[in-house]
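Below, chain A partners chain B and then partners chain C, in two separate complexes.
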Partner chain A sequence: MAAPLTLLLVLAVTIRAALFRSSLAELIAERVEVVSPITAWKRVVEGLALLDLGVSPYSGDVFHETPLIIYLFHFVVDYAEITFMLADVITAVALYMAVKDYNKQVFRKQKFALEADRYPLDCLELIRSPKEIYLLNPFTILSCVAKSTCGLNNAVVALFIFSTIKGNTLLSAIFLCLATYQSIYPLTLCAPAMLYLMQRQYIPVNFRRASFWWFIAQYLFMYLGSLFVLICLSFFLLGSWDYMPSVYGFILSVPDLTPNIGLFWYFFAEMFEHFRLFFLCVFQINVFFYTIPLSVKLKEHPVFLIFMQLAVISIFKSYPTVGDIALYMAFLPVWSHLYRFLRNTFLVSCVLLACSTLFPVLWHLWIYAGSANSNFYYAITLLFNVAQILLVSDYFYAFLRREHHLTYGLYLKRKDGSEATLVLK
Partner chain B sequence: HYAAAQKQAEPAVLQPTPQPKDDFQEELVVRPLHSGDIYASFQFRTLWETDFMRGNKVSHYRLFPKSLGQVISKFSVRELHISFTQGYWRTMQWGQPYLPSPPGAELWVWFQDSVTDVDATWKELTNVLSGIFCASLNFIDSTNTVQPSASFKPLGIGNVTDHRFLRYATLPREIVCTENLTPWKKLLPCGSKAGLAVLLKSEKLFHSSFHSQAVHIRPVCQDWQCKTTSWELRQTLNVVFDLHNSGQGKREWSLFKMFSRTLTEACPLASSSKIYIDITDNPEQFELSPATSLLSQAMVLGDRRTFSVYDLTQQDTFGSVRSLNLLIRWKSTEGDMLRPLLHAERYVAGYGLQTGEIHTLMYNHHPYRSFPVLLLDSVPWYLRLYIHTLTVTSKGKDNKPSYIHYQPSKDRVRPHLLEMLVQLPPNSVTEVTVQFERALLKWTEYTPDPNHGFYVGSSVISSLVPSTVAMDTNSTRERPLFSSFFPCKEESSYFVRVYTEPLLVNLPTPDFSMPYNVICLTCTVVAVGYGSLYNLLTRSFQIEEPSPGLAKRIANVIRKMRGVPPL
Partner chain C sequence: FTLSIYLSIYLSIYLSIYLSVCLSDSAGQFFSSGHTNNWAVLVCTSRFWFNYRHVANTLSVYRSVKRLGIPDSHIVLMLADDMACNHRNPKPATVFSHKNMELNVYGDDVEVDYRGYEVTVENFLRVLTGRLPPSTPRSKRLLSDDRSNILIYLTGHGGNGFLKFQDSEEISNVELADAFEQMWQKRRYNELLFIIDTCQGASMYERFYSPNLMALASSQVGEDSLSHQPDLAIGVHLMDRYTFYLLEFLEDIHPASKANMNDLFKVCPKSQCVSTPGHRTDLFLRDPGSVLITDFFGSVRKVEITTEAIDLTDPIKEVEERPANGDVHKEMHSYVDQLPVSEIIHQKPKQKDWHPPDGFILGLWTLILLVFFQTYGVKHLRHIF
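Then we have the complex of A and B:
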């Protein structure tokens, strides 16, 4: 499979390079759907310019990247395009190899569990690796051409997934720590990582077992240790803790209400002052809140749990962009065998397509033509998020249904022998 | 004050207690402008040799207004400059003003070194001044206050260089009206009852192209050795009457036409009360009556001007009719004005409500000299400047500023501050551009008329401009050789401060009628997510049994009650 992969990589790099050279690059770099105040390239350049002027980039409210990004781009700012293309390539390759490894394990497991009443497993062989959809997804291409640092975040998350699936605890903890350091939300990926690694090392997931707690302690120690090291390194870059409120305080308290494809901006633009803190806490807790229930339900399927967590983060985070959506959409082909159980594919795909095309139109009408107002753009945001939620819950339903069939058989019959229908009760 | 002055006209014997030495002077300068408009500038100066600091309570106020004296001592003010302006000064048509001021309200204060919490003192000071001048200076807060590092040096004595004690704020939206003029007039020793202040009638003063009233307080040296210092209070009022609006199109001005009053006496408390008419262009351009023999020459803004002086303390100025009504009649409209050497413009470029660009143009009209200017820009936080897009070009080429001080803004806390030292090449236009992004504010942060736009205060351009007239490279006068080598005449450079126009910028607005709807709709979407995930997490798949018909269900209920197995 190496030849198709390299062919695909070459094609993807060509598309991106062509777009970088065209005049569309500047246009795309300004679009609010693709860049957000935390990921915009213009702000990275501004931060570096402030550093050149002798002013700390965190003394103003324009730069919200972590100090490691300053470290990185201080040296490679002239090669920014290559850096972002490389990040995309790393993400794709890491995901490809991770899924290949995962497939091997899945096949092995199912060979052992081959008993009677299994429905045809050849569906599993039709799994395509996520490389194609990630590299050729228009969202990813837009994100790369805009030089949004979301691409770098995605690369780190992909490396984390790869090292988790390979079973390397230390690397998994380090990459997860890097991802959390960049934006706080990947913290929820701790649970699936731990579950997967425990599964791989045959540690039973049981609260009463000492080995369970011992493993958790180990993983958390590695994770927190690397986080501590990173935070100290960031302190020594500029010699102050200014970056903490600028980066993490910004992500959590959402002071900047620039429109994006998420739910936060208009909500907090129209919020009554009295309730602002309350709803801020509610919305932020909403992202972290599904971790434990999902982990309990999906403790035997940690990779699907990773997918669910990524999707929840991308939909409910404070400043989402299309780059975040591209990351979890990259996983959809891994579950392509669930296709027969999906119920809303037509609706969801139509809505997503329509919304993606309506975003720039209604933005233009609001900001440039002045004939629409912010409600139009907000409505499309709502629709887009509903479609995403529908997509994710659809896949969840299909996954659970497939698990049910695997245990109880595909063709179910009622007591009187007629064809049965399954419902959730 | 007036009654006390009458009593003091009697000869005084030796007083047991030493009187504080204070002195009041009033002056009016009238300058006919080439466009047919007329520029009148009032200055009222009170000098008082006293010490507000060092804790000694000053309680005997005579000429100095008590409210301002208390402000100085309570807030440990070293210098205070406040101005209220209606209209924009058109430099290219009117020349340079004697005292420049930006549209709206402007306040800048130097505090004494003894102040520990400058920000708290500033806040209290603005609120107290807001009460004294009946203006909404209470809108000055940390979001429009800056600490310039180079543009506003102290104008009085004092060699302080620590800019922590300086605060500068403008309110470009502030409107000036009679309500602000009345308390300003009350601060004068004679009020508006005697002297030049009787001319200050609001119905004529506000019917003008430009109106600016200001108060400047600073410590000055009393003698040339500076052994004693005194406090100087200057109240200035600049007004430009329009040829067509107030002058009815006739190029003929008189005190009565301008102010609807004539002068009858000087202020008895004033040690000097004079009117100066700028007659440098007389008699070719206009004629002046009643004539006066008093003449005075002064170097003003790099130009030697001649003035006719009317001394109001002399009784014969008022003539037999006991009133003075100066008449200025234009004879011809030819002749050109001395072109001002430094001039600036500013505008917003771009389209749409997402981004924009601020362009500042600075014109240097000197034929052969370049000089540096300090540009101070204070932009509110909701226009996010990108300093890496700052470009300075002169004559099409890049002109790198030699000093840039930039303090980025913090959302809802402080504005941007950009100060640059730019060298302007001779006879050129220098363009400074910087890109910005417009922020979406919370719905409560918009003014009641959000589509009017948001004001950005004027840029301040300060410079020492070399004068063309005083610079005489081939000296034709008779002078000894030892003094004529270096090209230096009486005033070869003069300080000029130019204010640009304020900007009006539109921001994208949310829909103000929608808060409840938005909260409901967004919470619905979140609930949809929550609901679907909750369903899938808490329920499991079961085979659906078809529910029996109604009759069968009732029968089953009865059978259950009887204890019989159901159908």
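Then we have the complex of A and C:
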């Protein structure tokens, strides 16, 4: 049931405002699962204070945001809460309109499909829009109340998705460039964006066709051009290239090993210096590595590819927070028609719930009570990430299985007429 | 006849010169050590019953040092565990250093300053450097000055470059060398003798770099120090070899003995000790042959008896300084007034507001407007809303 958008927005804003006023705000702002060294609000305030004192905010290891964030918050630092709520609202609205548009296209495509046995419920009409899931997701609310700049990142990515689905190449390239400029990982979303836009303009995805390469060149030119412009503009803000090692060097070389819900910190805390570079490369490549195989497999379904890529980024990035998870979880209701093919819903939901509640418990036991140690916390982190990976791969399986059914029919029969089973090899 | 007188005069002159030279030599030797007080820091770092021998080692050195004259007020004794009252001790209130229970080194006047869990690396380093909290009693402090000779004896379990304290932490040779340098810079010792009886003990003195340090160790790097002999009645090894032979050597020293460091270096050769004892004298300014054992192990004061009487009844008059030119009056500088502290602390930092450069704002908004109009075109604006 699609509740009216405005009602939902009002409800979400009320919840956030109530939480902002309560004493929970400081508590949440310190939780390591919600804020990371890149996105913490405390660091933004510190960076701006340093700037007021005449010192570059990038000196020392405090501030790891991009200069555009400095510019933005220089003017709105007193209205920070409204800014973050606005960011959440923008994300939700963008996602909602994107998915509405996407649904319309999918409907149109399926009307023209001629398949023999299609199951009666093209249950795409029952899609719950992602806006509820995003706005009312406790992860999003936590992230917003903590004023983590992850909310702004999510807003940019959502706008990118919206402009891609609308078909606007220039805007999509610009928003993707903004998202990459904030944190490097959305670079992998180039591939699905290009695939989708090519699909929309009916350019066949074929290596031998000139139009394919021409489109890629156009898109890459717009993307790289705007990236170049943004980087030069950031140079002019503070007059120095200080921000490059502070932002991008920090993301890539992971010097800060504060525990978070990711996989990097524990591993690198116990690593010998000799092997650090090697494992750093391995871990970072892990994020980018799945782009090409997934794009090859999912070249007809770029929106699902966007979902998979977002999930991969938020699991394998160097400083993930619950805000990143909220973004890809917002997409889950778009694929709610895959529900009948999912195999692990109970397991995944139980593990995710249990881990989310265990995070603060084990943190308290480790840091305050002293009766646990980092292994306990890391075990929960691992389990959480495994559950997420299971969730994503489950959806992947369900998607592929549905595609298979669309091509070969729902009730499969062997040659002799007995019922057959599908096995995923 | 005149020749014999000449000869006798010549001889007497020669003899007097010789005697005076001798006397000045012995006078020189009389005052060569330069220290006025002695201290000893004796540390046993291991606990548990099977490390009985380490406590016995430390108590043997304590006994010798006390016997040779250093009072308890100048000894800091740190024992990590209590063997005499350990419930596994079949002979309670005793700690023996020799089998057949010949020598009870515990006695009834042992004063342990740091006991049990107080023996930590932090406390040891604080004792050495003097950086103790103000509430520490005098018996737990090393109140040495720049005329003190200090003996430091460590025993326990060690390895290459470290010594284990209490089975849970370690002190490294670098930390120890730095502590000694702190002591030197704070003028907390005149000369220091460092003796260590652990496995690979020579690694602990490798990193010393402060002057006037002499070090002895029971084994070289890569070698283990071995224990002497077990006592079947008590059930544990009673002493380590090096300290056993050191104790034997020290039992022959009395306050007037002239034995010097070269004899100490010969204690426990490889045939008796199995490990090779080592020593380091390159940082020591005097020749080890001229350093007496009692310079470190005893508190030997030489007394010079004089028959002169010194009159202490007249009050000492203050000598007034006249200024060079009478009109200049020197300002009395007090320490407080040298900096205008009140001005400094009440100064508030100037709040300079940072503004983004105009070029940046211009460029950014131009780009934003360009993109906007490119995407939407001016006339399509109403279709979006």
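As a working rule, the second predicted complex is superposed on the first by the 418 of 425 C-alpha atoms of A that agree within 3 Å, B and C clash if a C-alpha of one lies under 4 Å from a C-alpha of the other, contacts with A are read in each partner's own complex, and residues count from 1 in each chain.
One rule holds for everything that comes next: a contact is a pair of C-beta atoms (placed from the backbone, for glycine too) under 8 Å apart; a residue touches a chain by one contact, two chains touch by 3 or more.
Quick caveat, the model's predicted, so the values are computed rather than measured.
Chemist: Here chain A is shared; do chain B and chain C fit on it together or clash?
Modeler: Result for chain B and chain C: clash.
Chemist: Once the shared chain is lined up, is A:171 touching chain B (first), chain C (second), both, or neither of them?
Modeler: second
Chemist: Between chain B and chain C, whom does A:265 touch in the aligned arrangement: first, second, both, or neither?
Modeler: It touches chain B, and chain C stays clear.
Chemist: One more residue to check, A:82. First (chain B), second (chain C), both or neither?
Modeler: A:82 sits against neither chain B nor chain C.
Chemist: In the overlay, answer first, second, both or neither for which of chain B and chain C A:252 touches.
Modeler: A:252 sits against neither chain B nor chain C.
Chemist: Quick one: is A:293 in contact with chain B, with chain C, with both, or with neither? Answer first, second, both or neither.
Modeler: In the superposition, A:293 contacts chain B only.
Chemist: Of the two partner chains, chain B (first) and chain C (second), which one does A:277 touch, if any: first, second, both, or neither?
Modeler: neither
Chemist: Touch check for A:233: first (chain B), second (chain C), both, or neither?
Modeler: A:233 contacts chain C only, not chain B.
Chemist: Identify which of chain B and chain C touches the larger number of residues of chain A.
Modeler: Of chain B and chain C, B contacts more residues of chain A.
Chemist: Touch check for A:53: first (chain B), second (chain C), both, or neither?
Modeler: It touches chain B and chain C both.
Chemist: Of the residues on chain A, which ones does chain B touch that chain C also touches?
Modeler: On chain A, the residues that contact chain B in one structure and chain C in the other are 53.
Chemist: For chain A, which residues are in contact with chain C within the complex?
Modeler: Those residues of chain A that touch chain C are 51-54, 70-71, 74, 168, 170-171, 174, 229, 233, 236-237, 239.
Chemist: Would you pull the chain C residues touching chain A in the complex into a rising list?
Modeler: Within the complex, chain C contacts chain A at residues 349, 351-357, 359-360, 363-364, 367, 371, 374-375.
Chemist: Within the complex, which stretch of chain A touches chain B?
Modeler: Chain A reaches chain B through residues 30, 42, 45-46, 48-50, 53, 55, 59-62, 255-259, 263, 265-273, 279, 283, 286, 290, 293-294, 297, 315-316, 366-368, 370, 373-375, 378, 382, 385-386, 389-390, 393, 396-397, 400-401, 404, 412, 414-415, 420-425.
Chemist: Would you mind writing out the residues of chain B in touch with chain A in their complex?
Modeler: 351-355, 381, 384, 386-388, 404, 406-412, 439-444, 508-511, 514-515, 518-519, 521-522, 525-526, 528-530, 532-533, 535-537, 539-545
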